[in-house]
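Below are two complexes that have chain A in common, paired first with chain B and then with chain C.
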Partner chain A sequence: MASRPAHFDVLIIGAGPAGIAAACCASESGARVGLLDNNPQIGGQIWRGESQHPSHIEAREWLQKFASAKIEFLASTEVIDHLEPGRLVVQSVGMQSGDDVRELTYRNLILCTGARELFLPFPGWTLPNVMGAGGLQALVKSGLPIADKKVIVAGTGPLLLAVAAHLREHGAEVRLIAEQAPRHRLARFALSLAFERAKLAQAFAIRRQLSSVPYKTSCWPIRATGEGKLETVFLRTGAHTWQESCDYLACGFHLVPNTELAALIGCELRGGFVQVDDSQRTSIAGVFAAGELTGIGGVEASIGEGQIAGYAATDRSGSTASLLPQKQRLDHFASLLKRTFALRDELRSLPDSETLVCRCEDVKFARIRNHSSWRDSKLHTRCGMGPCQGRICGAATEFLLGWRADSVRPPVFAAPVQVLAIAGSSQSQPDLVSHEEFR
Partner chain B sequence: MKLPVYEVLIIGAGIVGAACAAACAREGLEVGIVEADIVGGGATAAGMGHLVVMDDSEAQFALTRYSQTLWRRLSEQLPADVEYDGCGTIWVASDADEMSAVVQKKQFYESRGVPAQILDSHQLHEVEQSLREGLPGGLLVPEDAVIYAPCAARFLVEQAQSRGAQLHCPRVVTEIAPDGVRLNDGSSIVAQSIVVAAGTWSTRLFPGIDVRPRKGHLLITDRYPGFVRHQLVELGYLKSAHSFISESVAFNIQPRKTGQMLLGSSRQFDKDSSEVDHPMLARMISRAEEFIPNLSRLSAIRTWTGFRAATPDKLPLVGPVPGHENLFLATGHEGLGITTSLGTAELLLNQLLRRETEIPAAPYLPGRVYEGVHA
Partner chain C sequence: MPDTITVNVNGTAVSVPSGTTALAAILIAGAPSVRRSVGGSPRGPLCAMGVCFECRATVNHRRHSRTCQILCTPEMDIRTGEQVDG
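So, the complex of A and B:
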């Protein structure tokens, strides 16, 4: 990090809908705006691939705005460390040398780090071709042939329908959508959507697309089996269990916010989400957050919050007034989502003693379930100690056992040792003891 | 409500408290253990788990050697998750002066019955190919070993429990009373003797004792089996570990059974925050890179910090508190608590039973420095 760090008036982490909206609105002020993402293109998870082949009207609009705005996009870049307020250490994704480590400085920071899928362990969930619903969708977008493959989509939430529709569009034979939420809650949800005409229209459109696909409520997978890869999925609804043969099982048990960087910076969390005020300010001065890491609310909410954060971070809070009623409406939608698709208790008994919970360290459920806390289990079983830093098993055990994961320490993502050396040595502090002392 | 009554109550279920509990229960004493957080979750979890014989003073040598022998004897009973690995230590010299210190070190060990082998530059590079070429050599101490200490502490607590010991966890001791302890939930535990094995927290129960928290940083990498094969420590480590005032770093790397590399070490006084101190971490890494240039390319997964319980004369406090016949200390082990836990436990057991100790107990008695300690 010999060169001087690049400085941004507003630096935005995450180029999904929230980050794109934040960047566009912040750039209106003429501020120097940087947008950083660990993917090579903007779009995040939900608009992945939209920059090449736009399909959503909303995505197209925002991507056009982005293209005409003056925003520096830092592609394939991830944040490794936060040195002190105003200073981040980043590196290019996949670089093993640490040669491209850079420091970025900022006046205001907007965290739009989004969410990841929640994976719930059940017997057979580690078989090849058992995947995250969003993960399979992303693979198909990047070219995985899915035509004529038999797929079961299972889990909860509106994402299941979107994924099923997408897979079907690419020729998959979607055999079943298994939604764990009960029918009466979905009915109430649909009623509440009467006031959300756009969302309702969208839902109907997708449902029409999927008209021939069986959609079962109060239904979930209990086991997957196969020789070397997935062959059969066992499902349950009520007291009834049965099996279906298939090539892929796409599971989406809703989303987990990516709050690691926010936690490292010291932002206050509540209920697992980053706490923000009406201007999307976190508890740390100069740090804003927008999108799924503040609450799972979907694309529209993310865009609205991104806009507010973009304006607030460029001292133009006046421009946000018109966005507030929409924000409140969408907050209401988010809490509706949360209630409707709350995971049922039965899912806590999905793993059996032999089910792997931590894939990085091969830790079975039997070994962790009698520990008192995440840290207790981690120290004594290695659960969560692997390269994913507990991102998958941490969220799973939070649901299964009510544990809360540890405090976050650098590196935010696994990074070459060199990165941490460079990160620390760039700090302007005197060298306290010279090495001569040891010779 | 009937109060629990013990012959010995041990405060703290780190590796030292756990070892004391196991030893006392083995002798048939009625043992209680109070742990404020989780078993082996303090300095025990933060440390490296290096079982090492040290030579900087006769007293430190005696306790580390005695303990190492006990670990070797115990090793066959240890469950797999303790990851006992008799990989040995190589003390690495970085110049000709240090190479002559290697010769003295070998003589010190050999004259006291500890096997040690001098490696020249060629032999050193042969056994540890990640080390940079051109280092003058080192000293291999093959009986040193490595363990995963949190599981060792749990194993020792379970051993004690299998002989009737009771674990009160999580319970915080707020006060030591003449007949036992008071807990934060308002309850009490009655005990004939009390052992304070609470590491750096011991000063909260004994405000008078001079145990200071000494912060350290560690870093662990992804799995690179065979990257190094022995625990490698620079010879200058002793200077780092034993300068009481300055902040320092030293090259110290450990191969874990998982194939991961655990990198230390740093020492800092007067730091309250457990946050990673970036410049300190960077200095620690740069020091290691002087020995292992390729280290920089390994993938780091986590960093963390911990606090060692340091005493001014670098020896632990083991034994009765002057003026308090039934009150014992087992703390102040600095960076050697995992090694010396088993030796400490045997000393303490014999002191409790007013028996002869196997090695002289005098160098570690709290009374040597703390005449006027008040509980």
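So, the complex of A and C:
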């Protein structure tokens, strides 16, 4: 980090819909705006691939705005540490040798780090070809051919339908969509959508596309088996269990906000989400948050929040007044989503004693379940101490055992020791994940 | 970028459309798994979004690269865990 760090008036972390909207709005003021993402292209998860093959009107509009705005896009870059207010350390993804670590400075920071899928452990979930629902969709968008493959889509949330429709469009044979939520709650959800004409129209369009695919409610996978890779999925609905053979199981239990960086910076969280005011300000001065990390509300809410944050971070909060009623309406939608797709208690008994909960360190459920806390289990079993730093098993154990992952320490993403030495982080802790510890 | 890119997966040339990730190339090449876990079991990708680290492999001699975040470039050398760590 020899050269002087690049300085931004507004630096935005995460180039999904919220980040793109924030960047576009912030750049209107003439401020120097930087947008950083660990993917090589903008779009985040939901607009992945849209920059090459646009298919959504809304995505196309925002990507055009982005292209014509003066925004510096820092691709394949991720934050590994926050040194002090105004100073971040970043590394290039895929360059983990310490030769591309640098410091960035900012006046205002907007966190748009989005969400990841919630994965619940069940016997066989570590077999190759058992994937996230959004995960398989992302992989297909990244070039995996899926034509004629038999796929079961399972878990919960509106994402399952979108994923199933996308996979079919690419020629997959979607054998079943298994939604854990009960039918009566989904019916209530559909009724509430009557006020959301755009969302309702979208839902009908997807349903039509999927008219020949069985959609089972109160249904979930209980086991996956196969020799070296997935061959068979066992499912349950009520007291009835049965098996289906398939090539892929795309399974996600809704979304978990990516709050690691916000927590490291010290932003107040409530119920697992970053707390923000009407201008998307967090509890830390000069730090804003927009999108799924403030509440799971979908793409429309993310864009709205991103716009508000982009204006507020360039001292033009006056421009946000017209966006507020929409924000309130979408907050209502977010709470509706949460109620509708709340996870059923039966899912807590999915893992058996032998089921691996921590995939990085191969820690079995039997080894962790009698510990009193996330920290206790981490210290005794290494659960959550691998390269993903508990991003997968932390969320799973929160649901299974009611644990809360404790405070976040740098590096936010696993980094090799050389990188940490260069970053000169004074806060280095013994449980840093080093290059050598990767296995 | 050309429409098709040729990369090497475990020493075998594979042609993939431009825009394909190293992870998708590994799967297109038919590798039985992407890596072996600490306990020796075969693993494939889970999140495909850079979070879970299940897709890490050696790309152009850089170990532990998250292949879901890396786009294929001509002549890219990709080695899965079974090839490197045995």
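Operating definition for what follows: the second predicted complex is superposed on the first by the 424 of 439 C-alpha atoms of A that agree within 3 Å, B and C clash if a C-alpha of one lies under 4 Å from a C-alpha of the other, contacts with A are read in each partner's own complex, and residues count from 1 in each chain.
In this section, contacts are C-beta pairs under 8 Å (C-beta built on N, C-alpha and C of every residue); 3 or more make two chains touch, one makes a residue touch a chain.
Small disclaimer: the values here were computed from a predicted structure and weren't measured.
Q: In the superposed arrangement, does A:Q45 touch chain B (first), chain C (second), both or neither?
A: Touch partner of A:Q45: chain C, not chain B.
Q: Could you tell me if A:E117 is touching chain B, chain C, both of them or neither one (first, second, both, neither)?
A: Second partner only, chain C.
Q: Check whether A:L249 is in contact with chain B, with chain C, with both or with neither, and answer first, second, both or neither.
A: After superposition on chain A, A:L249 lies in contact with neither partner.
Q: Name the contact category of A:I368: first (chain B only), second (chain C only), both, or neither.
A: Touch partners of A:I368: none, neither chain B nor chain C.
Q: Touching A:P387 in the superposition: chain B (first), chain C (second), both, neither?
A: In the superposition, A:P387 touches chain B and chain C alike.
Q: Just to be sure I read the superposition right, which of the two partners does A:A138 touch: chain B = first, chain C = second, or both, or neither?
A: A:A138 sits against chain C, while chain B stays out of touch.
Q: Considering only touches as defined above, state whether A:C24 meets chain B (first), chain C (second), both or neither.
A: neither
Q: Identify the partner contact of A:A290: answer first if only chain B is touched, second if only chain C is, both if each is, neither if none is.
A: neither
Q: Mind working out whether A:L379 is in touch with chain B, chain C, both or neither, as first, second, both or neither?
A: Only chain B; A:L379 stays clear of chain C.
Q: Under the contact definition given at the top, report the residues of chain A touching chain B in one complex and chain C in the other.
A: Overlap of chain B and chain C footprints on chain A: residues 96-97, 386-387, 414, 435, 438-439.
Q: Could you please specify the touching residues of chain B with respect to chain A in the complex?
A: Going through chain B, the ones touching chain A are 38-41, 45, 81, 94-95, 97-98, 150-151, 154, 170, 219, 221-222, 234, 236-237, 239-240, 243, 246-250, 258, 263, 276-283, 285-287, 289-290, 295-304.
Q: Applying the document's contact rule, which stretches of chain A touch chain B when the two form their complex?
A: Chain A residues touching chain B: 81, 83, 96-98, 372-373, 375-376, 379-382, 385-387, 389, 409-411, 414-425, 427, 429, 431-433, 435, 437-439.
Q: Can you name the residues of chain A that touch chain C in the complex?
A: 38-40, 45, 49, 52, 76, 78, 93-97, 116-117, 119, 126-132, 134-136, 138-139, 142-145, 228-229, 258, 356, 359-362, 386-388, 391-392, 414, 435, 438-439
Q: Can you tell me which positions in chain C touch chain A when the two form their complex?
A: 16-17, 19-21, 23-25, 27-28, 32-34, 37-39, 41-54, 56, 59, 62-66, 68-71, 85
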